């Protein structure tokens, strides 16, 4: 089977349609992951052992099981208890929660990476705990988190093809349906690969910039 | 080209692509493959001297690319003959024939009886297997892409219908009957056959370069049909042997351009 | 009841395939991780370039896309793989690319000081790597390797989409046969989680054995 | 005779099975300059950290400026201090750390003004005016807008001193404030501390390995070993005629290692 | 008069735009004990690292034991040294680092035997016998089976010395070998070095901030400043009557900071 340029141009608009959905899903998923991740990180620090242990177990469960199966679960099982989400919503929530368990770790590490000396200096200068968080700990914890968070968002982007399994018409699904109706896999699949490669290479370059920019300041 | 058959005999099995869409194809609780299409294929391959068939389940859309890529030796899955498919693969003579049907909510609230009806109702969403005949019929009738939902399997189709994600799920008549029977859901009903949709027949599909194998398959298929054994295999599944015997590949492949 | 036990057998058969994929994929990933990770640290430009290209390519495109590519496009280049081979190849190469960065990071984390001590003791490049750097880098790699192995386990679910009869695939079959969605999916979620926990436990054991006597090691 | 500003009474401090301070008692007079010396691990840092409430105690009582530090009146006697009580007590004490612990994301001036503005509600103009006076005193008025990463170790430590002084504590704690510094930079920090010692009547507790400086700086020297005070006295006496064998051994080692006494 | 064992000729070392060594030349005689002193950043460490071939040079030549270090004969003159040449030259030189750089995953004995076994093909029994002699000399024969994490800093550094000696180099380089140690532990390391200096005729180069020790140890002292040798001479002369102003300032600061000369 030969590579067919005419075919490529013919399918490009359809693929771009799918690409838009892919980007949309990534951005919305990232937003969910950021917010839910913070909630998980805070719950993890809860002084109530039951809460922090339960949150820990659930996070570990989510991280130990495939996103694909979780998506099936959200899409096909939840309606039985009356929660019927549109495919895109189900996908965004699924991928967002899955990655929230990762971003929660980023938040946690970021906070723990601020040295103990900083907490002690805050105490020695008589700041309250709240003041220490706001003025000393968080301003130092957040910048180094940004590259790590961005890293997960790139990973999330690369997992959006899974949404095709719950009928979201994103890039991969468009490509498959083109392939199915034309009996040609080479062009659509290769193009999808190139789309992903280009976006990730560009984001990796961006990520390195971020990392340099937020390279830890030292005392 | 006879080497293909020789090669299959030698390795002792043929790799066939199936779907999991009773009664055309089915996988039992024990993992055993059954269904009308594989049963016919199994008997014929046996007569050709190929002891076994090894089945792999595939999406309809992936079957022809998979065949071309050499992943399967034949497709026996209820993949209906259509002119453009006839160009892509070498079909045997017809085996299983069926019309199209809809599964929909009790009372057919949107009053859908044909693919055209779906195209005309901007709120109607149809579910169909990706790369299958029904998807094509819907698109050809003018249903826009975003209202044709690609459904991975029959069970998902019924589930999505029950959940209200789609308004109609379309498959061949026997498949729909099978699903509705299993679902035991009083809130579902069927439209069968779909108005203005043709009756289709499938055949075993081979690679273009394996015409010789196909021809050998046809010889055995003909004998099977004549001996009445053919009817014995497919009629318990609900298919009509007469329908298959009253038409031919030539007619079906040349049909409505 | 007897029907369910039949379906359970089906899922357990799938679990076996999932295990097989995970083990063979991890083995390939491990080999690739060391080849590419050390390749990237090589003195020779060609090796570095090759390793970098491999790593960026496989990290840049989605496992999903890679799998479809291996399964549907590679045959036209004359290489037809069984679904199992395709799955192992795609998963192994993909996770191997991530592992390569772990190897590289760990080797670098052992630090310039250790390799300078080796130079001062006149050890050759190979001796440095073999006797000093790798023995210290290995324990550093383990935790991340553990995560990678779990990611790989999760990735195996995706191969159900190229009709490999793994656990997720069999759950779909059971679902199609029985019309019940909750039971098969809940069952495999638990099985996946058990497998992931087993991987973690095994790695922790290994880690403890490897770091014995290394406590307080500075990195 | 005035009352002690710090009364440490039978303090016990354990880390798990390890008893670091074992029934330690000592008093410090207002304005007194105290040097704590002794071998590594003897508990010098621990006692400063306890005074700064960076640790908890396992037993005993501490009174600072007439009030209990870790306890407060409640019920029919004393109860464990709550965060509010600790906050008020911390206002009396400042500390300078071995590794400076400056806030790396804030400029020198903001390092010094942050706490007065937040904890005492002082407005920015006044806080900055006072901060500039303090920076001037430690010789770093021209670095007000630099961030810590741009400073040398000696400069960082002088900023840390200014930061602690900005809260005008009654008691200052110094924990090996020069031992993380290059030898050349030690003197600039010690000079600041000398001035501080002679010009203010703050109470100061100093942990140090610089025997020469301890000698000049302190009114009284405490020699610690294994969580106890083994010997104490005026610097001249302790350094020249230590009565305890452990003190003698320690001083001999330090001198051999090239430190001037 | 014998030929110098090290001839450094017009060495230039740059890091990007920063010139760290600027046309430095010096010779070292066989058996000579040399102390390199000078302020932070003056290039003392750099010159040792260059001799150990841990850096590249930007210009100049170095001859060690009659052979070019960074060059070798080739073509019609000299070409850059290849790995094999460097390997042979490194066999003549040993180095002890400020942070010990012991191999944390190997026990003390294996730390010492590793290099002789690998680079000289010495069999384990002989290597261990020699290693035990060396460990005995540094007073650590009883720690042979400990891993570095179980040792104190001073013990680690003594192991590092034994490890370097195990290859019997002609030249030993010591870079601030005591400055990462607690003051009390300095002396045990210096004692080992004193013995080494008096008992062997190895050539030794020592970078240190311990002026007292430099005084006792060295035949000759070089004072570095900004990548140049500002002054050199016998220790007595340099420390008591430095002729250069920069040397005087440096020594005054060091003394003020409490180091004995």
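Lettered A, B, C, D and E in written order, each chain numbered from 1.
Definition applied: a contact is a pair of C-beta atoms (placed from the backbone, for glycine too) under 8 Å apart; a residue touches a chain by one contact, two chains touch by 3 or more.
All values reported here derive from a predicted model rather than from experimental measurement.
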Query raised in the report: Looking at the contacts, which chains touch chain A and chain B alike?
Result: C
Requested in this report: For chain A and chain D, let me know how many angstrom lie between their CA-based centres, rounded off.
Outcome: 47
Query raised in the report: What whole-number Å value describes the gap between the mean CA coordinates of chain A and chain C?
Result: 20
Query raised in the report: For chain A and chain E, what's the span in angstrom between their mean Cα positions?
Result: 52
Query raised in the report: Taking each chain's centre as the mean position of its Cα atoms, how many Å separate chain B from chain D?
Result: 85
Report summary line: Expected list for chain E, residues touching two or more other chains, is none
Report summary line: Going by residue number, chain B touches two or more other chains at 62, 65, 69, 152, 159
Requested in this report: Please set out, as single numbers or ranges, the residues of chain C touching at least two other chains.
Outcome: 72, 76, 175, 181
**Report entry** Chain pairs in mutual contact under the definition given at the outset
**Finding:** A-B, A-C, A-D, B-C, C-E, D-E
Report summary line: As the complex stands, chain E meets chain D at residues 39-40, 178, 182-184, 186-187, 190, 209-213, 250, 253-260
Report summary line: The answer for chain D against chain A in the complex is residues 52-54, 83, 87, 90-91, 93-95, 97, 99-105, 114-115, 118-119, 147-149, 156, 163-164, 167
Report summary line: Interface with chain B, chain A side, in the complex: residues 1, 76, 79, 84, 86-87, 165, 167, 169, 173, 176-177, 179-181, 183-185
**Report entry** Complex contact set, residues of chain C against chain A
**Finding:** 56-57, 59-66, 68-69, 72-73, 76, 150, 153-158, 160-161, 168, 171, 175, 181-182, 185-186, 188-189, 192-193, 195-197
Query raised in the report: Residues of chain B touching chain C in their complex?
Result: 20, 27-31, 56-58, 62, 65-66, 69-71, 152-155, 158-159, 182-183
